[in-house]
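Going in written order, the chains are labelled A, B, C, D, E, F, G and H, and every chain counts its residues from 1.
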Amino acid sequence: MADWQIDLIKVVFIWTWALLIAVVMTWVERRASAMMQDRVGPNRAGPFGLLQPLADGIKLFTKEDIIPKRARKILFILGPPLFAIPAFSTYAVVPFGDKIVIGGKEIILQVSDVNIGFLYILALSAIAVYGMVIGGWASNSKYSILGGLRATAQLISYEIPMGLALLTIVLLYGTFSLREIVLQQQGTFLGVLPNWGFFKQPLGFIIFLVAAYAEANRVPFDLPECESELVTGYHTEYGSMRLGLYLFGEYVNLGTLAAVTVSLFFGGWGLPYIDMSKFLGPISYGIASFLVFFVKQAFFLFLFVWVRWTVPRFRYDQLMGLGWKALIPLGLINLFITALLVQLTV
Amino acid sequence: MDYYFIIFAIMAVGAGIFTITAKDALPSALGLLTVFVALAALYLHLHAPLIAIFQISIYAGAILVLVVFVIMLLITPDEKLGTPQKNISYRTLGAILGAYLIVLLVIGIKGIEQLMVHRGLPDDFGHPSQIGTLFFKKYILHFEMASVLLLVALIAAIYLAKKKV
Amino acid sequence: MSGFETIVMYLGMSLLVILAMLGASALLGPSRPSPQKATTFECGVPLLDPSHKRYSVKYYLVAVLFLIFDLETVLLYPLAVQYKALATLGWGIFFEIFIFVFVLLVGLLYAIKKGAIDW
Amino acid sequence: MKFQAIQGEGWLLTKAEQLINWGRSRSPWPFPYGTACCGIELMCALASSYDMARFGAERVAFTPRQCDVLIEAGTITKKMVPVLKRIYDQMAEPKWVIAVGACACTGGVFRTYSTHQGIGSIIPVDVYVPGCPPRPEGILYALLKLIDKIEADHPLYKQRPKIVEALEAGNEP
Amino acid sequence: MNLKERVKDILGDDLLVMAEFRGDLCIEVPSKRLTQVLARLKEEGGFDFLSDIIGIDNIDLYVKKAKKGKKEADEKEDVVDIGPPPPRFEVIYLLLSLSTNERLQVKVSVPEDNLELPSITSIWRAANWPEREVYDMFGIRFKGHPNLRRLLMWDEFQDHPLRKDYPLEGKGEERHLDYDVA
Amino acid sequence: MVRRPVVKKEYSLGERVYLVEIAKGLGLTWKHFVFNVKASFRKGPHTVPTCWQYPEDRREIAPIFRGAHMLQLNDKGQELCVGCGMCARACPAKCITVKRGKPAKGEEDKYAGKTMCVSFEIDILRCIFCGLCEKSCPKNALVLGQDYELADYEPEHCIYDKDRLIANFHRARSEGLLKPPPVPIPVEAPPAKKKIAQKGDEKKGSSGKASVKGGKKSASNRKGEA
Amino acid sequence: MTKKFETICITTGPTEYSDYVTLNIGPIHPAMHGTLRVITKTDGETIISAKPEIGYLHRGVEKLGENLTYTQFLPITDRLNYCSAICNNVAYEMAVEKLLGIEAPPKAQLIRMIMMELARIADHQVCVGILGVDLGALTPFFYLILQREEIYEIFEWHHGARLTNSMGAIGGVEADLPDRFHEKWPKLRDSIRKANDETDKLLTHNRIWMDRTIGVNAFCGDDALDWGFTGPMLRACGVRRDLRKDEPYLMYDKVDFDVPVGKHGDVFDRYMVRMLEMEESIKIIDQAYELYKDFPEDAPLMKKVPKIIKPPEGQIYHAIESPNGELGFFIKSDGSDKPYRIKIRPPCFMVYQAFEDLVKGEMISDLIACLSSINVIAGELDR
Amino acid sequence: MAGINHYTILACILFGLGVIGFLTRRNTLILFMSVELMLNSINLLLVAFSATRADMGGQVMVLFIFAVAAAEVAVGLAILICLFKHVRSVDVNRFNLLKW
């Protein structure tokens, strides 16, 4: 097989995987929230309601598509794809597993291992902002505009702490490539602890996680679409599949963020004390590493859901205050400390 | 010629034309966004992945967001900019001048290739770490000056924007 | 240029599939436009005043702050990636970063004090 | 099948219709237009003990663009009539309406100067639910009836009943 | 000193009628001096809390009385004097003293030809909406009210529905659909 | 301008750092989650103990629940309603129309009373299920049953005529959901003084109040003895 | 802005012009409970003015009351504050009884008390739950509503309806406490407490919640009195006023309970007052139940009243402490079987008119929090 | 492989577009964007030269240009906001305060 064919297969596979995670997440979110609230949740479509997302999808596909008269038509149409394309594309640099050897060919389980790694993710999430702000602005409804503005301000505010947290990681590992970072996290340090970013950078992890919640617009940071104030925020005027793209895009974002968290702070596909490659065959090792990664990712996805149904949401100024007055200074301090420690240990 | 360059060059030029001809500021900003993305793709081609990424995350992600915010802040729909320009000649003059400039530049630049020294590119050319090293070794003063520049800009912007009129 | 083609391939795939989704939705959905349907949703009452009005300048301030600090982090990335290597040369790199960040920290404090992020 | 008899079309379209109906009927996102006491019972129906979400009616959104079923629960006063009409108009096709409670159906006990006597004269109603307020089970029963109705629909051929046009012609300002 | 005497003390001449029914004390005061009376009751009488403002349309009472009078007159074959019609509307202010937990109903009469009362929003801000409601329902205007608009009915509505001559089921008013198909 | 009291926020350390309390909350939701997930593997429709999965799993309805109306028959299968129209008069929503009539020749034993209702219609869409008709019916003919599944596509189907009301009764009987006969309410004997004050008493309303107070005291006295 | 400035250099227009965005919230808005509407002017996120507009649920109850008999009006009172219909029923019944000059038998009074306190718990549960929902915490709502379902079940077994109870009749109550109550109450008491505890755990000490509620819409006690606040809203401002204590009706003077008061009148205090009141209500029910047990099975539940009630001419005002505050019925009778005029004094009417003062200068999010903490019930607001 | 010539021509065209936009448009915001366009063309040149000459200095320069551009935009737009508060327009022709 030619390289580009393998690449194509990988691309298709991972794209589908991203979509699948998003789809299943909608189900998980509904069922899990129901379980936390002493309810049952959707259970009529398919076994355990597993086909619920499919039903929703069909419904959304066959729904009428309204473009409000006062909306700016082109911008209105551009909004959802501008949001969804970056969201889907971020998966491209996430390492889903180590490598798999098929027919003597070594295939890394990642679309592409580029040397700028997660900067790519940062850049794309910076573009995703436009999807919301343009969608909100184009709708020409006050709720949407306010939602869009809030979304943008929130997203860009929390990009800084996230960037700072990542900066410390870069400082520690000296690379941008997610794959290399994961590789460096194998093994243990200080004898007992796994060599995970989490243990080396607990503060950085917390900052990153909080910023991730904000980036994903999840409770407690779901102000852009907070129901009780702005109806549904920036996508108030959107229906049919355009809405579907916004909703899916959000879940895809969740998947990416969880994956990045795992790769940066939790050792990616590796198990803490066990070296799987020693006793597994080349193919089964690839699959096993993929599974390990998925389990870790699933945990963080669940955490997203879990937190959402537990806490109230912030007010806008508090959200900004938390970002600018708490997280950024914390991030800077963390940066200093890490720099100092690295300086002292080399 | 390779298609990669052609595609993105056309994209950049087309979006650039859209940017300067769009009726409204917001579509114009979207055009600029496309230019940025196209240029970023070209940077990738030019062994400057870091610059490409930063192009997107700074130009597209920050500067343009600022512009978009200001567009939302300032433009009210009842204020159409479509009021006819008083002297059309001014506008045409501008266009002609610009076009002339393009022609001049293109002609002037034509022979530039002879002036270039083609060196083989080292393997890790464009790797982020190289820029880091340069920042430390050669441009340390510039680097610190940049921070001061940013500080000044920050203070000025806040001062201006918060000023009560 | 390692691997960028694949990423572009991936991007192209996202673009295609999403456009296909939108197209399918446009084809499948019924369409019965009416002037009433196309009115803007305003909690069920007629619009009170145009939506595109001036919104608060504070959003702008946040964007300015973001711009400055984004640049800061971005400029730090190349240094950070090389930090371990450069740290072997002495404390210079640490102080370079320190001064750089410190100057901007002053900016942050100024912004906080001026109430740029208080709503 | 009846449908084939009408249209003389083949298996594929029938299946497609079934699929669409399946999707629509399994995911009727409600617009909880709860204005009064019935709204409270609607809330109960949405909450833990009865959990309307089991039928897929989960994503409760208050924007007409994203909803399928307008659950009108509560009194519609004359002051509210234009609002209701506008909300209904703004909903995207396909859309259904459930009128919950005596007030929504006929005005109930409030035969007064300020109460509109039944929303049936403003918007087409698919299912009427008597009761004041109906038990949550009653609302769920209505939803089930609506699901039956959706499943018997012919989305690819039969367009919205003529009643819409008739009503709109009658109510045009 | 019990409530009655105290009220008498405070009001003096302004007290027109005082009646008690089932422990509820109701006094009538002249409408011209309403603000002063209420202010005095608030300052001196300790009635520092305004519970509600109630409008009443008395016309049916009079009609009933007249009917009864006519019936009696028919029976007795004599003329029965039922007196002149009372002022058509009356407005009752429900006051409450928080310290002694006493309630007082202050009544003023509003004749139909002069539907106007002084607003007491300067004494109690709580009077704002109740006054608007009375205006909405009975058409009694309150002079000096900051924003005397309809409260419950929509703005274009013409009648005053709680008047006794307004039918329960209305006169068929509908609020028209005000579309902005702009 | 509005006056606002100054509120000083005093947070303990645990509250200041968001995470502690959030972790506690997470623990709580986790407990519910685990409990319900375990429960949902139980057999039968009533899995999660707090959720009644309606069509399969119905909640017990109180026998006195005010649901759809029915016209009762007595044990001999005779119609109880005499068409007196008391229910129609008592109904606040004015949704009952009764027409009284005499039973046709030879059909007298179908009816318990001397008269019967020729037609009996309840506009169930207007009814507010207040139960006043039931209370006012002298023959206990009209009762409100336990049926709550009343939704319909057409408003015309929601006008219940006599046949439907009797059919309701038959169905309820077959399902064993008949309304229990009303329990007599213990009524306090009227006080010596005539309760409805005569016209003359009006002005001396306060005395009425006093007597009430006395009654209250006696009640408490009795409690003291008990 | 439509004017063209050709030669003028600088026009310093008023900065207010178009700087404020008019944001219409409601009537159909998730936080507006279906029928409320607030027209706000905002500067960014700050509220410059907020004009509530009501009447979207004005059903003409008072006019209807003039056209129905005293008995027929009872079911209509259910539809006023539909979150705690029983309180309305009892208030109305007691008002008519006062007009008649009678009082319900003691056992009936106890039953009324128990039911009213249950209704109070149910009302507060809804209010707190909705407050949580509006501030983004959905889960407590579900826990609270579950307990409310149990309370509804008791209602249903007592008088045959869940929400619009039409409990009792003029002169007493029509049924003894149902068996369900005797069985359920001890368990229910615990589970209500448990749900409250859980809510407490999820919300009260959570910093996000505290930030969202403490100091938000703080209100002075004397302002509150001036505006005519009653109930939890007033008590949260630090004024200890509760009609159950100050003007005891039924048998509230025989039970022992506290009146929780707040300090600043902010959303947090309102929330806490409601939470604590639920606990007090549980206490009251326990005590009332003890008192109730002293009565024999066949103790009278009703005063003898004629079928057609014709009170003497006169006018009375009677108020009770409903979950939202002072709920009063003013009835003027002309001696016929229909009231000549019924005026209802809804508690939230008075509170809601101060809405602009409550939220001015705060943020949009606070407006939502404020609205849910007032617990405006459109049914009694608009009548 | 596209040579340096192509890149320089592309950069020139973009620069010229920026100039044309700057000269012909009246919306200040679009003027700003035209300036950005010009700056970007310079960036492109720098990167292209850096690649041809195998000298990383060009790329570092671009980073500094980013910083300058950011500062320019931040301050420029702030000034624009100030102006807008006075004139209530973004039309350059109305900013004629300095005209004589």
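Following the convention adopted for this analysis, a residue touches a chain if its C-beta (ideal position, glycine included) is under 8 Å from a C-beta of that chain, and two chains touch if they have at least 3 such contacts.
Quick caveat, the model's predicted, so the values are computed rather than measured.
J.: Going only between touching chains, how few steps reach subunit H from subunit A?
T.: Between subunit A and subunit H, the shortest chain-hopping route counts 2.
J.: Comparing C-H against C-G, which pair counts more contacting C-beta pairs?
T.: C-G
J.: Please report how many Å separate the Cα centroid of subunit D from that of subunit E, as a whole number.
T.: 44
J.: Please work out the Cα centroid separation of subunit F and subunit H, and write it as a whole number of Å.
T.: Between these chains, centre-to-centre, one finds 75 Å.
J.: At what distance in angstrom does the C-alpha mean of subunit H lie from that of subunit D?
T.: 55
J.: Taking each chain's centre as the mean of its CA atoms, how far is subunit D from subunit G in angstrom?
T.: Each chain's C-alpha centroid was found; their separation is 30 Å.
J.: Which residues belonging to subunit C are in contact with no fewer than two other chains?
T.: If we look for residues of subunit C contacting two or more partner chains, we find 4, 29-32, 35-37, 39, 41-45, 52-55, 57, 59-60, 63-68, 70-71, 74-75, 77-78, 80-83, 85, 93, 101, 111, 119.
J.: What positions in subunit E touch 2 or more of the other chains?
T.: Answer for subunit E, listing residues that touch two or more other chains: 21-22, 152-154, 161, 166, 168, 178-179, 181-182.
J.: What are the residue numbers in subunit D that touch two or more other chains?
T.: 47-49, 51, 54, 62-63, 65, 79, 82-83, 86-87, 90, 92-94, 109, 111-114, 132, 135, 155
J.: Quick one: in the complex, what on subunit C touches subunit D?
T.: Listed in rising order, the residues are 29-32, 34, 36-37, 39, 41, 43-45.
J.: Name, in rising order, each residue of subunit G that touches subunit E in their complex.
T.: So the residues of subunit G in touch with subunit E come to 54-55, 58, 60, 62-64, 66-67, 98-99, 101, 225-228, 241, 246-247, 314-317, 319, 326, 328, 330, 332, 334, 340-341, 343, 345, 349-350, 352-354, 382-383.
J.: If you look only at subunit D, which of its residues touch subunit F in the complex?
T.: 48-51, 54, 98, 102, 105-109, 111, 118, 120, 125-132, 134-138, 140-142, 144-145, 149
J.: Would you tell me which residues of subunit A are touching subunit C in their complex?
T.: 4, 7-8, 10-12, 14-15, 60-71, 77, 80-81, 84-85, 88-89, 91-93, 111-115, 119-120, 137, 139-143, 145-146, 149, 152-153, 156-157, 159-160, 163-164, 167, 170-171, 174-176, 231, 236-237, 240-242, 244-245, 316-317, 320-321, 324-325, 328-329, 332, 335-336, 339-340, 342-343, 346
J.: Under the definition above, what is the set of subunit C residues touching subunit G in their complex?
T.: Within the complex, subunit C touches subunit G at residues 42-45, 48-49, 53-59, 119.
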